[in-house]
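As structure tokens, here come the structures.
Look for subunit A in each of the two complexes below; its partner is subunit B in the first and subunit C in the second.
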Partner chain A sequence: MATGNGLWRLALPLALAQALFFVAPLLLLLATSFATDENLRDWGLRGWRDALGDAFHIQSVLNTMRLGALTVLATALLAVPLALVHMAAGPTLRRIILMAAVLPLLTSVVVRTFAWIVILGREGVINATLLGAGVITAPVALLQTEHGLILALTQIEMPLMLLPLLAALARIDPALLDASASLGGSLARTLWKVVLPMAMPGLIAGATLVFASASTAFISQGVIGGGRLNYLPALVWQQAMVVFDWPLAAALALTLMASVLMVAGALSLLGSRVRHA
Partner chain B sequence: MTEFRRRHLLGAALAGTALPWNAARAQAAMTAAVYPGGWDEALRAVLAPRLRSAHNINVAFEPLFAVDQIAKARAARGNPPFDVFVLDPGPRVSGIEFGLFETFDPAKLTNRALLPDGYADAHGAAVAAQVVGIAYNPTKVAKPKGWADLFKPEYVPKLGLTGFGTTFGTISLIEMAKALGGSEANMDPLFAELRRIRPNVAAVGQPAAMPGMFQQGQIDVMYTNTYTVTLLRSRGVNIDFAVPETGAAAFVTTMHIAKGSRNLDSAYKYIDEMIATPIQAALAQDPFFFVPVNKDVTPGADVPMRSISEIGRFVTHDWARINPVRAQWIARFNREMAG
Partner chain C sequence: MHRYTGSDRLLVLLIVALAGIGFLILVGPVLVVLVTSFTSSRALRFPPPGLTLQWYRDLFDPVRSSQIHVAAGNSLLVAALTAIVATSLATAAALAIARTRAGWARFAEGGFMAPLVLPGIAFGLAALMFFSWLRLPPSLALLVAGHAMIAAPFALRTVGAAAAGLDPALEESSAALGAGPWRTFRRVTLPLIMPGVAAGAFLAFVSSLDNVPVSLFLASAQTDMLPIRLWGMMETALDVRVAAASGVLVAVAFILLLVMDRAVGLARRMSG
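This part shows the complex of A and B:
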């Protein structure tokens, strides 16, 4: 219908920009991954062999996916209760929650990441508090550990989970909850059978965003995670910028992209299943 | 619609032709790559005003780490995004191998005689030195005597490690290998020790993150240059520089003119002014703390040399030999640290 009256032309500027600045470089990246040197003179599978034939790189892929999955889990566990409070709250509290959800987006990721060094460090806020309260006798390792990194990423990525979730829950008709209650459904049963299924699209959208963002969070992974945790983004940067092995860097970058796309695809498939169930 | 568009185009065309003409009449322009952070601040504050007042040259700075400059220049394939590189020895050798520099004529530098012999050659000129050793927090740990001390139990839980990605990291790790009985050709003793201490070191991180972690007390010992030590102390951090018993390592930072640069004259003047006595003297002081290469300028108090002429006493490295094996060291460091 829209194509008939030429409305599709409205999409042209963005489509053109995408083709020029996203698709074309992506094709170049693909070509580079099949080169044997960065001048694109000789071709071969060396880049891909080095990328996928090396247990260390495969482990990095798995670590990266694991990090994304755990961050999704942590953000979802915290965001769902908050979204329920938001749904039940009056207009003032709603505004406060929404404000708190959006606020982190107004500071740069770099600033948020460095703030976490101050919080998680050996002499940081958490350790100082626990030591002062006598809960621990020596500082616990938080910075440069996987759990510390997930903790930080959970805060950093939270808005990406919370905002779609709030939007999904806001669309639920309160009459449905009353109907469930009047039919004898307990609060737990109403949440499980009515609210959660209807929140699923928001949850899945949030999960996709958080997963893609956390698994590619180059700065947070490097600064908070450190050199003992191996993730693909740092490896790609190192091969491209320090070692100058562009074919390997390109193959690793495409591996990262494919892995994230696969998870995002699986989530969107799950989303359409839920909608049609 | 047509009229509107035509007038717009005409206006744009006029603006397009008028601007460069005005700029050309007023002054010469050039672009120089500069390290982000301290270098960027220093050269903008000291060098850029001097070029403007003395030569009517307007410098635009492009903040890029050395490896990023090389990567960008290579990707540009003969159409350099800046006129002058500033590089450490490793990337310098890469730049020479990749043919990224114009042939440099030291005779064009009026300040040539102020540099030690060999500090300006057919590739470029030295503009600053760096002295690398051990930095420690004197209120938390005793002064380390040498590189091997870093692997002792009293230092390991407070040590911050960085890999072979930077010049200072690479030469520090080479010096550790030597102190542990290895050499540039045999890094096995180093990697064995790194694997042993890996679970207990305070941090393994990006080089750029180390000063922040030192400031926050996450680490109390690291390897770095005198510049970082002086800079952190000036910001109130408890930090001292220890010269290892086998000697501190030193290297020079060099500037090079990009192949295909269309601003050769300006680029030579830029490098010439960079080594001039007033500029080097200003850069050596608070808050910049550069180590001067100009023989007439005295380095700051933290630098364990009273003139660049003493650099012969320091440990130096052959980057033509390091570069070919560095990729393997980087890969191995990744793997050993990942456990």
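This part shows the complex of A and C:
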């Protein structure tokens, strides 16, 4: 094995592959957004003007960010209790929760999206249950609504929130919890003062992954959200593959990327603030 | 935990209730897909009015489902190649990063992980622009190149965790006993980090098999990929064969999960 100063050579193949197949394409994407056509013969701001000067596109940016944020909140609301139960549970229940967290991650996004068509449809699980229980008298529309899409994305993205949380909570020393309880701390106080700060890195890592994934979930957004809700990934795809306006597609893709990176940056800043607080 | 007061008990109840809903939401849809794949109805009614194997027969029919079979074959081939390429590159890089405290290693690790956070759609479009700028026609090799970029971080993480626990003394003694670098790697290092490498290869394979954003732009009529084909079947007239295909994918994922978890503790590695 290479030792000492020669070590960097082992990292070279991956670095070169990434430079060629990841960084170079992204630089070309940036260049294309400043071109007037896909052949990069002339330069101009037409792509960016079309992307950011259009109320419909701005609304789509906002819709996409909102979708990402609401999915983060929904996954956190369910994943934090699930992680707490995992922490307090015995080995069997722990294993079951861990498997439940990993299994959806291994079943294709297409399969998970399809499941929600069956669940949210007019004759689907939710409508059948509510009709049967007499809560509603006619099927309610859940497909092609934002609620339905967020509910579906909550399952589709939950493993990305749950796994980092489980990892973070696994580092808590049980003695710490006992100490807090025996010092007279109520459960709420123990959770707030002891568990939450320890869970924070996992929560922030999870929020970053869920936000990035939910805001770029092209198939789920399109199939469950449908044509009435407009999100950036569908616009990027239409402009690139149907309209063939590559400068506009590039500018929209970069807008999506910048929005996600800004949120990821803000979350990581929050993370370091919490650590030093 | 200890004696609960009244408000504590209420809080425990709330946590358990939310956890229960979370568990149901995680697992329920997978079960719904399995049941639906046996439906005798052409509409996606739940619960199904009757049970039949018709959709599985249709799915495995070599004539009627030939396009799905071609797409599945392409997807499996690309996923296997992606796993090999991404895991090889990531293993070498992980060994380098694990053994040094130098500043470049931290920087490189951050860079290598970047594809995990960048929106896949933006990278997929960038890859399409790049390859058409190079005048390369669509091919499975380009799909492997694109998928490997997304898959490498998964392998880097699991191999990195395994390599971090490696005792340098073992490699040093192997070298002191006269083994060359390659022999030391083959006989000492690789066996020790093998669980991490296997878990990484598995995750890379799954991430490629499931990839939508890159395939969306790089796949073509000749290089059709399974998720893209299934998406097409869901978008147009809803084809119940999607349910059968989903049933097969769920079964495969479940078997792989059990096998990999027994072999290398996959679930634990993914949460660590």
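The rule is simple: the second predicted complex is superposed on the first by the 271 of 277 C-alpha atoms of A that agree within 3 Å, B and C clash if a C-alpha of one lies under 4 Å from a C-alpha of the other, contacts with A are read in each partner's own complex, and residues count from 1 in each chain.
Please note the rule applied: contacts are C-beta pairs under 8 Å (C-beta built on N, C-alpha and C of every residue); 3 or more make two chains touch, one makes a residue touch a chain.
A quick note: this is a predicted structure, and the numbers were derived from the prediction, not measured.
In the model built by aligning both structures on subunit A, subunit B clashes with subunit C. Contacts of A:230 after superposition on the shared chain: subunit B is touched, whereas subunit C is not. When both complexes are overlaid on chain A, the residue A:261 reaches subunit C alone and has no touch with subunit B. In the superposition on chain A, A:222 makes contact with both subunit B and subunit C. Within the superposed three-chain model, A:253 lies in touch with subunit C and out of touch with subunit B [touch as defined at top].
Within the superposed three-chain model, A:114 lies in touch with subunit B and with subunit C [touch as defined at top]. Looking at the superposition, the partner that touches the larger set of subunit A residues, subunit B or subunit C, turns out to be C.
Of the two partner chains placed by superposition, subunit B and subunit C are both touched by A:124. Of the two partner chains placed by the overlay, only subunit C lies in contact with A:22; subunit B stays clear of it. Judged by the touch definition given at the top, the superposed model places A:158 against subunit C, while subunit B stays out of reach.
Residue contacts after overlaying the shared chain place A:245 against subunit B, while subunit C stays out of touching range.
The intersection of subunit A residues touching subunit B with those touching subunit C, taken from the two complexes, comprises 38, 114, 117-118, 121, 123-124, 222-223, 240-241.
On the subunit C side of its complex with subunit A, the touching residues are 1-2, 4-5, 7-8, 11-12, 14-19, 21-23, 25-30, 32-33, 36, 43-47, 88-90, 92-93, 95-97, 99-100, 102, 104-105, 108, 111-112, 114-123, 125-130, 132-133, 145-146, 148-149, 152, 156, 171, 175, 181, 184-185, 189, 206, 209-210, 212-213, 216-217, 227, 230-231, 234-235, 238, 242-243, 246, 249-250, 253-254, 256-257, 261, 266-268, 270-272. Chain contact summary for the complex, subunit A toward subunit C: residues 1-3, 7-11, 13-15, 17-18, 21-22, 24-26, 28-29, 32, 38, 40, 77-82, 84-85, 88, 95, 97-119, 121, 123-125, 128, 151, 154-155, 158-159, 162-164, 166-167, 170, 177-178, 181-182, 186-188, 190-191, 208-209, 212, 215-216, 218-219, 222-223, 232-233, 236-237, 240-241, 246, 249-250, 253-254, 256-257, 260-261, 264. Across the complex, subunit B is touched by residues 38, 56, 59, 114, 117-118, 121-124, 143-144, 222-223, 226-230, 235, 238, 240-245 of subunit A. Those residues of subunit B that touch subunit A in the shared complex are 67-68, 70-71, 74, 94, 161-163, 165, 198, 202-206, 209, 212-213, 216-218, 326-327, 330-331, 333-335, 337-339.
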